Structure formats: C-alpha cells, structure tokens
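I've put the structures underneath this note.
Presented sequentially are two complexes of subunit A, the first with subunit B as partner and the second with subunit C.
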Partner chain A sequence: MGDLFAAPRGWLESFGEIVKFSSRVLADVANLKVFKYFGETLRQAGILIISSTLVIWGLVFIIGLQCGIEGAYFDQSTGTPAYAGVFAAWCDLRELVPLCFGYMMAAKVGTGIVAEIGSMRISEEIDALEVMGISGITFLCATRLVASMLVLPFVYLCSIGAGFFASYLAVVQQIGDVSSGGYFLIFWEFQNPPDVLFSLIKAMAMAVVIVLVGCYYGYNASGGPVGVGTATAKSMVFNIVSVHLISMLGTQLFWGTNPRAPIGG
Partner chain B sequence: MAFDTPENGSITDFAAAQSVSVDEAAARAEAEATRSGISYLDDPGRPAPPPGATEADYRFHSYKVYPSGARNVVEFDNTYKSFGRNQILRGLTMGLPEGMVSMILGPSGTGKSVCIKHMVGLLYPDSGDVRVQGESVPNMRDDDLFEMRKKFGLLFQDGALFSSMNLYDNVAFPLRQHTEKSEEEIESIVMRRLTEVGLGQSREKLPNELSGGMRKRAGFARALVLEPDILLFDEPDSGLDPVRTALLGELILEIHREMMEEAKAAKKPYLPTFAVVTHDIMSARRVADYINVLWRGRIVEAGPAQEMLNSENPFIRQFLAGDSQGPLTMD
Partner chain C sequence: MVILTGRTIVSAVTPPYSYGAEFTGQFLFALRLCWFPLLVSTVAFGYEAPGLQAANFLVLFGALDRLGGFFVLASIREFAPFVDAIVLAGVAGTAITADLGARRIREELDALEVLGVDPIKNLVVPRFLALMLVTGLFDIYALLFGVFGGVLATLVNHEPLGPFWATFFNNASTTDLWGSVVKTTLFGAIIAVVCCYKGMTARGGAEGVGRAVNQAVVIAFLAIFAFNYVFTQVLLATHPELTTIVR
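Right after this comes the complex of A and B.
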C-alpha cells in the first residue's frame, strides 16, 4: 500500500521543490537584485533572439497553414466556405499558436536551459560562481527569466502575425473558395484586441513556467552527463504537461463564459 | 573457473593471493602498533569515537595538535556531515593557521574536498560549526555568506572555468563583477596573473582548447585576481606529471610569499592563508608550512610540517612516507 503512494508523493515533492525554487528566482527579480547583472540579462536576450526566434515562427507558420486548410475544407463541405475565417481566427489566436509557441519553447529554450545550467553544475562552474560571491540563482536563472520577458512578448506577437499570414495563404491563395475581402471580414469579426492580450497572457504564462522549470532542473542536476540527460527529459515532460494545463485553463478563463462569437446578434 | 595469466597463473589464484595480502597487511599493522608500544586509547581527554564506530577504529588517532604559533583563520568544531548513510566528517576539529600554507592530507574518500566546501558554505554541516575569521558559516544569512566568500579564492580540481568564456574573460570575470575598475586596469591585473601562471600567450583560448594543467593554472589565476585572504586548492596536482606538479608547488609558494609581503606592507587585518588538499606526499614535503592529516572523518594529528614529518604516530609515519606497510590498508 505504501508503494502505491510513493510515486505520487515523489511528484508532489518535486512540484513543491520547483515552487520553492521558482519563488527564490521571482524574489530576485522582484527585489531588483537581478539588475546587478543587466549585462548578462541582455546577453541572454540576444541568445534567445538569435537561436530561437526563427524556429518558433517557422512552427507557428506551419500550424497557421494547417488551421487554414482544415477550416477551409470543413466549411467547403458544409457549404459555407465564406466562413473559413472563423476557424482560422479561433484556431490561430486562441489555441494552436499559444500551444505551438509553448511546444517550441519547451523543446528549444527549456531543454537548452537545462543542458547549459546542468553542464555548469556538473563541471563545478556554478560552485565556482558561488565561491566568487555571486548567487547562481540570480546570475543564471533570474537573468534568463528577465531576458525571456524582455524578448518573448515581441517574438510571440510576431508569431501570431506569422500564423495569420499562413492561414490567409492557405484559405485565400491556395484553396481559394473565398475572396480576400470576404475572408478578412469574417476573420476580424471573430476576434478583437482583448483576445490578442489574452492570447499573449497565455503564452507568457507558458514561457515563465518553462524557463523556471528549465532553470530548476538544470540547477539541481547531478550524476554526471547522464544526470543532465535525465534532468532534460524530466523538464520536457513537466513542461509539455504544464503547457497543456495552462492552455486549457486559459481558454476556460478567457473565453469559457464569453466566446465573443458574433452569432445570432 | 580460472583464467590463465602469464604472470600469476590464474585469476582465482591471484585474487586469493591479494586477499591474503590485505589480511596480512592489517595483521602487520596491528603487530607494528603493538611492537612500537604506541597506544593512544588511554590518553586522558580523548574524544569518544563517533556513533557507529569503535575505539579500535580510531586507535591511531592521537588527536595531537602541535602549536603553530598563529591564530586559526578557519576552524572546524566537532563537525559532522553525512551523505545518506555515508558518514564523511565524523566530529572533525581542525584549524588553518593564518599566514601559512597548510596541507590537508589523507587517504581518498576521507572528506578532504568536503572540508573545502564547508569552508566556503557550499555545504553545511549536519552538526558542529565551521568558522571563518571567527564568524560561523552555517549561521550566516545569504547576503553575508556571499560577502564572506569574497575573502576566498578556490582552485577546483579541473579549474571549473566558464566554458562559454575565453581565458581572459574567465580571469577578468570576478573583477568585472565585484570592482569598479576600468577595462585598462582589469587588463593589467589579468595579464599580470596570466603571465605569472605562464598563460600570457593563451588569453583568447577557450577552456576546451586547454590541457588539464593549463586549466588548473588558469583557475589559479582566476582565484588570485581579487587577492583573497584565503586561497584553497582542491587537489591541484591531480592529473599532472611530476615536473608540472613540482612547478605548480613552487608557483604556490612564490605567490604566497609575494602576497605575504604585499599584505604586510598594506597592514591588512589578516595575512594570506593557503590551504592545499592533496594526497601527493612530495608536494606536501615541498610546500607545506602546516599539515593536517585527516582519516575517517577526523584529524589524526596536526602541526607544523617539521613536527609532523618527525611524528612517532605509525599512521602519520606510514602516510608521509607513502609506505605500503602500516595501519592504512586497502580495506
């Protein structure tokens, strides 16, 4: 009976440790300690822009094409091809762009953070940093979190643009059952500026969790290179589950009670 | 099943022979202790063995500390530390005297590196205390701990250089983070230290382009740039050939001398103290002013190098002579 609860108890313990660690990182941001290392923050922001932006936009572009194609063929089959913009608008902005952003953040940025900080841990670089009187949590984790917050809102807003453009290409240029004007009329009817803000909040919540979880698993890696590999895999599992939970809760919170669909007046 | 080997007949025979030799060595150690008539078990004031151990396990621990004539800048006070069921420090009481090059010697796995990590607050004791310049490390708040660490320079076993930075940036890193010096001043300090350790020509190289010895020397240069009060070396000789080990030892002595002169001229409140963790006896003989010998999580004996080299303690004699005969066996 004891063994039955061992695994859930372990998950709960890990979750508690992650929350505790994250609160230390957030405290370093809140009390502005992190700005002692603003140069490192800017360096991390630069790395994020150079190494992750294109791949995020690329994935979102592909998912935008998919949303467009799916919507266009569905509406074609129901005899309402002019309404393909509904599917594209909701699919892009509310669901799949945030999800794909979260997937790529987890796969590229999150695992990158675990691997980098984990390698520093096992090669005693973090110990060296601490012995120099520099907090590893502030220098390595808080700077990465602030860098993400500086860069990712812009990256995400551009991702939405990439998704919209891809859906337009698929519905209007590729399948062509609806004119450009007709498509945009419906497309913009089914979304408004607060939706963009809500979508951004969803994506940034994912980004914060992914960066913090990556930092936690990297910072606490042990057991040599194998340990870093294990930590990377664990972070990926945790982040993918978190991305879906945040997506579901966000949809429920922002659009659950009011889907803002201009149907029936 | 036995496999034939040219030297030893068969592996089973060889294993049996080895097993006998270990037992014999232990028996010889006992016999030697008896023959020499040395027994510390009846010494008055002798501390009790740690939980789970017997007096016999600590029969070669005289706990004798010969006076160094200097105050201790780092003190361990009855410190215990375990990792799971593995007890590493078992009531360690030890000091590092000010202004000296101290050695912490002892067999592998006896807690030497763990000691270093306790001094800088990377590990905390389960019980007992560790004091640096009179302040208790485990009781420090985080901010005070980071401030205290600025008094330390630490050379890690593999240098622990930041792999994303070149050699110059690695050595300049502490100066950029902790001082308001201009880039010109930083360059002058960094190049002086890199030249001292013989790496003046390698400033642009990344850590993965350096040999193990070069990484150690670079780590040494980085540990020196803030001119710390206490410099710790975690097995600086591991993986180095005997000549490089000797040269590194000379470098340590030379830099210590230099820092002592500077500290005396500047009338600093504390003279520079170096502590070297090693099992290289030759290094100890060449470099040490003071020797702490650690075994089974406690100090066997400690004192100025000359007293220790002349010690009557069978364990100290065996260890400092690097002899296979004596109390220390393979078990």
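Right after this comes the complex of A and C.
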C-alpha cells in the first residue's frame, strides 16, 4: 500500500520544485533579460511553427469531427436535429479544442523540449553555456517561453477554425440532417467573442504550464540516456494532470455561474 | 508497426507461454503508475465538460434531471474511454518507450538476441497483453469517476440526485458498456504497439530516447483519436437504438 502512494507523494514534491524553477524563468522574462537573446527567441518560434502546428491542427480537426457526429446523433435522439450547432459550438469552442490543444502541446512540444534540453544537460552543453557566462535558464528556458507566447495564440485561433470546419463537415456534409444555413444560424448564435477570449485564456494557461514543466524536467535531467527518457515520461504525467485541472478551473471560472447562452432571461 | 503487431499476436498465441511473470509485473506497473493521474483527470473532465456545460444548458430549461441521460452518452460512450486512453498513453506508454528505448541504447536488446531470447516474446507480448487488459479495466474505473464528476455538477447546482440516477439508468444500455470496454481494449493495443515499436527502434544516444518518447506519444494520440472517430461512427450507425433517449 505504501508503494501505491509513493508516486503521488513524489509528484507533490516535484510540484514544489517546478514552482520554484518557474518563478526563476518568469523573473527572467519579467525583468526583460530574455530580450538580450531575441534572435534565439525568434529561432525557437520558427521551430515551433514548422514542427508542431500541423500536428496540433490535425488532432483538433479529428476532435472536431468527433464533436460533430456526437452532436448530430444526440440531437437526432432529442428530435431536434436542426440544433446540432449548439452541441458543436459548445463542445468545440469551450471544452474539447482547448483540451486537445493541451494534449498535443504536452505530447509534441512539452516532451520535445524535455528531450532537447535534457540531452543538452546530459552532454554537458548547459554547463559549457554557464562557463561562458550565459545563464542556461535565460537562454534555454525563458526564450522558449517567450517564443511560445509569440506564436501559440495564433496557432490556437487557427486550430479553433480547424475544429469548426471539421464539425461543419461532420454535421452537414456527413450526417446531413440539417442544412448548411440552418446549422450556421444556430452555431453562431450560441457563441460570442468573449467565449473565444476565455477559450484562448484557458489554452494559453495550459501552454505556459506545459512549456515550464518541459523546461524543468529537461533542465534537471540526470543519469545518462536513460535519464532523458525517464524525464520525458515524467513530464508527460505531470502535464496530463495539469491540463485537465486547468481546463476544469477555467470552465468553472468562465462559465460556471453564467452559461452565456441566448436562451431565457 | 503493422509487422510488429502481426508478430506480437502470432507470438502471443503460439506456445510456449513463457511470459506470465513479466505480464504480471507490467500489469502491476501500469496499475501503480496510472491510478492517481487517471482519478484526477476523470473527475476533472467529468465535472467540467459534460457536467458543468451540459448542466448550464439544462438548467436554462429547468430540466437538470436529464443530466443523467446525457452522462450515458457523454461519459460512457465518449469521454471515459478517451480520457482513459490519453492517460494510459501519456503515462504508461511513455514509460514503456523510455524503458525499451534505454535497453536498445545500452544494447541490452542485442544482448538478448545473441543469447537466443526472443525480445518480442519476452518484452513486447507481455506489455501488449498487460496494456490491453489494464486499459479495458481502467475504462470502468474512469467511467465511475467520470460519473462522480457528474454527481458533483448536480450537487453544485443544488439539485437532488434521485432524478440524475433515474435518467442515468433508464438510458444506460449493455451495448454502450461493451462498446466502451471493447474500444478501450483496442486503444490499449494501439498504445502498446506504437510505444513498443518506437522504444525498440530508438537510436542516437541520449537525445534518441527522448525523441522516441516524443514521437511515440504523438503517434499514439493521433492513432487513438482517428480510431475513436471511426469506432464511434460505426457503433452509432449500426446501433440506432443507442441514440434514443428514454424519458
């Protein structure tokens, strides 16, 4: 039984370490030290765009299809197929697009950062940086954080678009119980600009946590090639749990007391 | 990966069945690693997505008692399997890739082959079977805690729980349950094959193992989601009685 609780206790400890590490990274961003390395920041942003955006959009596209068919069949069962747009709008914008964005960020970007920085740590490149008088945290972690903040809002907005397009395909083209115009009437009626903003805030909170966690596990990797693999796996555990928690808190905060729907008074 | 799947299945059913001990070990390993993340994730997910949002919608119509019926659709059919698979891929899958990748890098796998021990029979098959079983069983666990999230959402709205359970059990059908368990068992197979393949083909030192884990989890996620879409579509289209909501 003691064995069973060993892992959660370990995570609590590393949670504290991660908060400490993150505050150092955030301090570097806040006192603008990171802009000494603006070139590196732009390079990281470029890498992020080229290597990760398509995968993220792909996953969000599939989940959009999923929301579409679930919504269409659900509304069939209540005898209101014309209202499939409600389900699609809420499912996409409020819940599953942010969540899937978080999953794919954790899988692609988070573990990627751990693998990259971790192998730098193992091959003692970070020590070399510090000998040359460059702070590893600023140069490696803070630049990545700023780069992701530059790029990800736009990636996220596009992925909302991908999710909407996929839901439209599933509901209107594939199942076909509702006309295109009828679908869009309901679909746009049940969302408004603040919803997009809230959804964006949720996703960006996830992205910041994922990048920081990735940097922490990479920066503190030890124990040779095996260590990098283990660190990558550990970062994934932490990220999955935190993505769900952030998503839940965001929903409670933004929509918990106010459904923001055009029904009733 | 397809070749690895084929060889794994053939190797699993042909005697000798020498992988019993390793199978138990892997099963317990996955169980120990996953139970806590899965608990947190499913309660959070059940509370927020189907719980709060659907409750918001139903409260507007004063029909919160229908939330139970919605939970059959949302939690059993869709979200419990899906969160289950994501957590298993992210937690147990990455651990498997890291483990096998490390063995490949340290040339332990080559050593095994030289000794005449078949790595597929002794390493991949037990992981494959253990992950299938664990993912299928964890589906029930995820489902229970997902529904617990729904109960929380009902309580937050100050509604009695009686109508929730009434509509829940009115709508719950055996087809939904076995569909859910079969789906997650197949998810487990996908996760195991992808993660074992990526671990066993890792190369290039320290960065190689990290990159293998990275690719494994990305491919596993994409494969799970794509498979989920096809499976749901087939299940709903072939069992139209599932989509009828009982009052």
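Note that the second predicted complex is superposed on the first by the 254 of 265 C-alpha atoms of A that agree within 3 Å, B and C clash if a C-alpha of one lies under 4 Å from a C-alpha of the other, contacts with A are read in each partner's own complex, and residues count from 1 in each chain.
We adopt the following convention: a contact is a pair of C-beta atoms (placed from the backbone, for glycine too) under 8 Å apart; a residue touches a chain by one contact, two chains touch by 3 or more.
Just so we're clear, the structure is a prediction, and the values are computed from it rather than from any experiment.
Enquirer: Specify the partner with more touching residues on subunit A, choosing between subunit B and subunit C.
Expert: C
Enquirer: For A:G224, select first, second, both or neither according to whether it touches subunit B, subunit C, the two together, or no partner.
Expert: A:G224: touches subunit C, not subunit B.
Enquirer: With the two structures laid over each other on chain A, which partner does A:S135 touch: subunit B (first), subunit C (second), both, or neither?
Expert: After superposition on chain A, A:S135 lies in contact with subunit B alone.
Enquirer: I'd like to know which partner A:D28 touches here: subunit B for first, subunit C for second, both or neither.
Expert: After superposition on chain A, A:D28 lies in contact with neither partner.
Enquirer: Given the touch rule stated above, what does A:S247 touch, subunit B (first), subunit C (second), both, or neither?
Expert: second
Enquirer: Let me test your reading of the model: by the given contact rule, A:D127 touches which partner, first (subunit B), second (subunit C), both or neither?
Expert: In the superposed model, A:D127 contacts subunit B only, not subunit C.
Enquirer: Touch check for A:S119: first (subunit B), second (subunit C), both, or neither?
Expert: Once the two structures are laid over each other on A, A:S119 reaches both partners.
Enquirer: Just which bits of subunit A does subunit B share with subunit C as contact spots?
Expert: 119, 123
Enquirer: Sort out for me which residues of subunit B touch subunit A in the complex.
Expert: Those residues of subunit B that touch subunit A are 117, 120, 122, 142, 146-147, 149-150, 152-154, 156-158, 160-163, 173-174, 177-178, 219, 222, 226.
Enquirer: Given the complex with subunit C, which residues does subunit A contribute to the contact?
Expert: Those in contact with subunit C are residues 3-4, 7-8, 11, 55, 58-59, 62-63, 65-66, 69-70, 73-74, 76-78, 86, 90-91, 94-96, 99-100, 103-104, 106-108, 111-112, 114-116, 118-119, 122-123, 224-233, 236-237, 239-241, 244-245, 247-248, 251-252, 255-256, 259, 261, 263-264.
Enquirer: Which of the residues in subunit C end up touching subunit A in this complex?
Expert: 32-33, 35-37, 40-41, 44-45, 47-49, 52-53, 56-57, 59-61, 73-74, 77-78, 83, 86-87, 90-91, 94-95, 97-99, 101-102, 105-106, 156, 205-214, 217-218, 221-222, 225-226, 228-229, 232-233, 236, 243-245
Enquirer: Where on subunit A is subunit B touching in the complex?
Expert: Touch list, subunit A to subunit B: 37, 119-120, 123-125, 127-128, 130-135.
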